[in-house]
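Following this line, the structures themselves.
Each of the two complexes below includes chain A, the first together with chain B, the second together with chain C.
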Partner chain A sequence: MTDVALEACGLGKRYRKFWALKDFSVALPANKVIALVGANGAGKSTLMSIAAGILPPTEGDLRFDGRVVLLSQEKPLYRSFSVAEMLDFGRHMNTVWDQQRALNWLGRFEIPLDRPCGKLSGGQQTQVALAVALGARPSLLLLDEPLANLDPLARRDVTGELLAEVADSAMTVVLSTHVVAELAGVGDHLLLLRQGRGALDGDVEELLSQHARLTGPRVDRPPVDGQVVSAQHTERQSTFLIRTLLGPETLVEPPWRATPISLEDLVLAYLKPKRGEGEL
Partner chain B sequence: MRGLIWLTWRQHRWPIVISAVVTAILAVFMALTAAELGSMAADCAAHVVRCGREKSESAPSHATYLMNSVVFLPVLVAVFWGVPLLAREFEQRTLPLAWSQDVGRQKWLLGKTAVLVTLVGVMGTVLAGASVHLAHQYHAYTGESLFEGTQFQAGGWLPLTLALAWLAVGIAAGAATRRVLAAIAVVAALWITRMVLMVQARQHFMTPLTAIHPFTDSRSDSRSANPLPNDMSLTSGNPPFVDSHGGTHSVHQVLEGWCPQLLEARNDPGGCLQSHDIVGTLSKYQPPNRMGTFHLIENGMNLGLFVVALLVAWWCVKRTRTTVA
Partner chain C sequence: MIAFHIDRAGSVPAYAQLVQQVREALRLGLLHPGDKLPAVREVVTSCAVNAATVLKAYRELELSGLVEARQGAGTYISGTLGGSADPVMLEQLRGHLRGWVADARAAGLEDDDVRALVTSVLAEPPGEPTAEQRAVESTRTAEPR
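Presenting the complex of A and B:
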C-alpha cells in the first residue's frame, strides 16, 4: 500500500439514527495534499476522527500506513501552557517527535516560545497547533478546517509552507474545508463528501480536464453524451456542467460553446444539486 | 508513562503542591497533639493530676478539629483533584488534542488516574497513620469510644480509602457532567448523602448485641445507657425497660403509664418498678472487638466505590465523542 495513504472500504458511522458517514469507500494517494470538501455536516470531521483513531466506525474498514495526526477544527491548546511547554507536551505524548521541525515552523511565523498559549492571537494559536501536529512527524496529517481563523495573507503563507513540508517529506495532508475559496492552489487531489457519502474523488487536474460548461440555446438535454452534473436554464439559454472524457475539449456544434471550469465551479456544482434531499 | 507523569504534574501541580503542604502541616500537628494527649493520659494513669469523668472537656480542642479535618479532606480531594481531571478538559475542549496523540484516550485516563491515585495514596497513608495514632491517644486520655463518630472515621485507615474513593467519584462526576461546577455540585450532593446514610448504615453492619443493666440503688446510675467502654452504643436517649421475662417496655409506657411518680422522685421508694416486674434497662451495642471488622467493611465499601467510580469514568471516556456529527 505504498502509493495509497489511506483506504476506506464500506465505512459508516451512525449517531443514534443519524448516519454521519455511510457506505464510504475511497483510496487516497500518498504524498499529496488532499482537499476534503463538503458542506457543514457532510461527514468531514467524522471521517477524520475515524482516520485518527479517536472515533470507532460503526461499520467498514479503514487502512493506512504510518502515523496519523489530527489537528481538529477547534485547534485546542492548553491555555496555561507556554508555547515551549506545548512542544514538551508533543514530545511527551508521542513516540516520535521532531523538535527541530516544530521549532522551525514556529520560527517561520515568529511565534514567541515563552508566551502562554491563552495570550496568543487566534492565528498564532493555529501556528502552535500546526507545529505540534508537524512535530509528531505524521505520515498522514489530517487538518480539519485549519485555516478558518487566519487572514488571507497568513492563509497563503501557511498553505505555502504546508506544501513545502509535503514536498520535503513523505507526508500526506488531508485538508478539510467547507470554504471553497481556500482550495485554490492547495489540493492535488479532491475528495468531496455530500451528506455522508463520497460524491467526487480524483486528481484535481484530471477532474478539471473531464468537466466542461456547455452553453447554448434553451434545451432540456445537452447536445453531447456525458454525465450532467448541473443544469441551469433561462428563457433563451441553457447551461450544463457535464463530465465527459474530453472535458473542455469536447466537440460541440455551434452555437454551443464548451468552456473550462474552475475548481470552485466544480465543487459548487457537485454540492448544489443534491441539496434539500434530506438526511440519510 | 513518563510523559503522562509530566503532563499530570504540569496540569495539576498547584493542587498537588498545596495538598502536600497541607498534608505535612496536618501530620505534624496531629503528631504533636497525639504526643500531648499521650503525656496527659500517662499523667492520669500515674495519678499525677486529678482526672475526672469530664476529661474530654479538658482535652486539647484542636484534637477533634484535626480528626474532623482528616474525615472531611476526601471531599476536597474529589473537588480539587478528581473533578478537574476530565471536566476541565471537556470545558476547555482540549480532549481532542490529548487523545489524538500517540497516547490514546484510555491510556491517557489510566496514566493520569494512576499518578493521582499514587499521590493521594501516599498523602492519605501519611494522614491516616497520623490520625489513627491521634484517635488512640484521644481515646486513651478521654476514654471516649474509638467506635463512635469522628474517632471511628479517623481510625482503621478509613481516611486513606475514603480519599481514594472520593478521588474516583470526582473523576467520574467530571466525566459524566463535563462541567466543573456541575461536577462539584454532584460531588457535594453525594458526599452529604453518604454522610447521612453511613451514620445510619454503620450501626447495622453486624447484628448488634444486647445487654440488660439491672437497677442498683440509684436510678440515675441504673439508667446509664453506655456502660461498656470503647463500644458503639446503639441506644440513644432513654433506653427501654426490661422485665424479668425479657420483655421490653418503652419509657413512655413505664414512666407516664405505670410509674409517673418516678418522674419526680430520684429513686423508686414505692417499688413501682418491682411491682411491674421491671428489672433493668436494655441497651444495644456493637462490642469493641468488632471494630476491626467494621473498619474492614467500610474500607471495602470505599474501595468498591473507588472501583465503580473509575469504571463509570472509563465508560464515559470510552463513549465520549470528540467530533461534531
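Presenting the complex of A and C:
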C-alpha cells in the first residue's frame, strides 16, 4: 500500500449542540493531491483546522508525520510588510525554511519583492501567501479555497504550478474547492463530506470506473445489482447512478444503457442530501 | 510538438484524453516517429493536470507501442497509426467524405444525425467490400513499397 499522509479515527467536533464533524475516519495517501469537496457547512474548514492543529477536536484522534501548513481564504499577510519582509517573517516563524522555493514561486508569477503586501492585488496577495506556505516545506499543505479570488486563467496557472511542486517533492496537498468542474485531472483522491460526515473517499479513477449511469424504461429498481446513488424518473424513462464493481462496463440488457460519468456528475450525485439524513 | 488540452466537462478521463490526442495527431500526420512528446512537468503546468495522469497516459501509449521513453531524455514517438502512412489516400478519403457530408446535409440531416449514422455503420460487422473499396484496395496493393 501507499504511504499515509494523514489518518483520522472517529474524529468529531461539536459547537454547542451542533456537530460540525462526526464519526469521521479516513487515511489519506501521501504525495497525492486530495480534492476535498462538500457543500457549505459540510465540515471542510473544520476538518482542515483540526488537521492544522489550530482547533482541538471534541473526540477522536488524528495522526500525521511531518509539517502541516494551512492556507485559508483570509490570507495571513501584514499589509505594511514588503513581500521580501513577508518572506523574512516566514523564515523566523518556521523551523524549516526554503527561501529559494519561495523566491522561485514569486518569480514565476512576477511578484515585485519590494512592494508592500497591502499594495498588491488580491491575486498577487494569494501568490505571496502561497510562497510563504511553500517556503515552510510542508509535508502536508492544506488549501482551504485559497484560489477563490483568482481569475480562471490565473487559477489554472497556479493549479499547474502546485501540481508540479507535488510532482517534484513528497508533499501532499489537500485542496478544498467549490469549483467541482475544475477538479478533473487535478485530484488523485476524492474526499467528499456531507453534513459533517465522510460520504465518499477513494482514488478518483477507481471511483469513476466503479460508477455508471443506467438509462432505460421506467422502473422502480435498476435492472442490475449495485448501490443506487441517485435515481431520476420521468413518465417513461428511469435514470440511475449506480456503484458497481464494473461501472460503465456493467452488462445490461437492451434497451438499457450503461454509460460512464464525469467527476462532476459523481460529486453532484453524492452531494445531494439523502432524505432522513442530517437531523442533528 | 503537440499541445494538449483537457476538457473537464466531459466523461472522458483526463489521461484518456491525452492518449486520444496523441493517437489523433498520429492519424492526422501531425506527429511522426522521432518527434518528442512534451515533458511530463510541462503538461502538468500547462494543462493543470496531475503528474500521475500524464504518466498514466504516456505509459499506456508506450504499452501500445506508439511511444518509447528514453532514459533521461523524454518520451518519443516510435510508432504510426493507420492513415498517417499515406497522405494521398487520406486526402482522397477526406474528399469523398466531404461530398458525402454535403449529400447528407442536402437530404436534411443534421450534424448529430450524421454522427449517429457513422457510428452505427462503424458498428456493423465487416461484410463484403463494396466495388469502390475493392478498387481502393487494388490500387493500394499495386503501389510499390
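Heads up, the rule we're going with is that the second predicted complex is superposed on the first by the 272 of 280 C-alpha atoms of A that agree within 3 Å, B and C clash if a C-alpha of one lies under 4 Å from a C-alpha of the other, contacts with A are read in each partner's own complex, and residues count from 1 in each chain.
Here, contacts are C-beta pairs under 8 Å (C-beta built on N, C-alpha and C of every residue); 3 or more make two chains touch, one makes a residue touch a chain.
The structure displayed is predicted, hence computed values, not measured ones.
Participant: Using the superposition on chain A described above, determine whether A:L190 touches chain B (first), chain C (second), both, or neither.
Facilitator: neither
Participant: According to the stated criteria, A:G41 is in contact with first (chain B), second (chain C), both, or neither; which is it?
Facilitator: first
Participant: Answer with first, second, both or neither: which of chain B and chain C does A:S72 touch in the superposed model?
Facilitator: first
Participant: Taking the superposition as given, does A:G160 touch the first partner, chain B, the second, chain C, both, or neither?
Facilitator: After superposing on A, A:G160 lies in contact with chain C but is clear of chain B.
Participant: Quick check on the superposed pair: does A:T259 touch chain B, chain C, both, or neither? Answer first, second, both or neither.
Facilitator: In the superposition, A:T259 touches chain C alone.
Participant: Could you say whether A:A131 touches chain B, chain C, both of them, or neither, answering first, second, both or neither?
Facilitator: After superposing on A, A:A131 lies clear of both chain B and chain C.
Participant: Chain A residues touched by both chain B and chain C?
Facilitator: No residue sits in both footprints.
Participant: For the complex, give me every residue of chain B touching chain A.
Facilitator: 2-4, 6-7, 10-11, 92-105, 321-325
Participant: Along chain C, where are the residues that touch chain A in the complex?
Facilitator: Residues 6, 8-15, 40-41, 44-53, 56.
Participant: If we count contacts the way the header does, which residues on chain A are in touch with chain C in the complex?
Facilitator: Listed in rising order, the residues are 32-33, 156-157, 159-161, 163-164, 166-168, 181-188, 205, 208, 259-265.
Participant: Please name which positions on chain A make contact with chain B in the complex.
Facilitator: Touch residues, chain A against chain B: 15, 18, 20, 41, 45-46, 48-49, 52-55, 67, 69-70, 72-74, 76-79, 81, 85, 88-96, 129, 132, 136.
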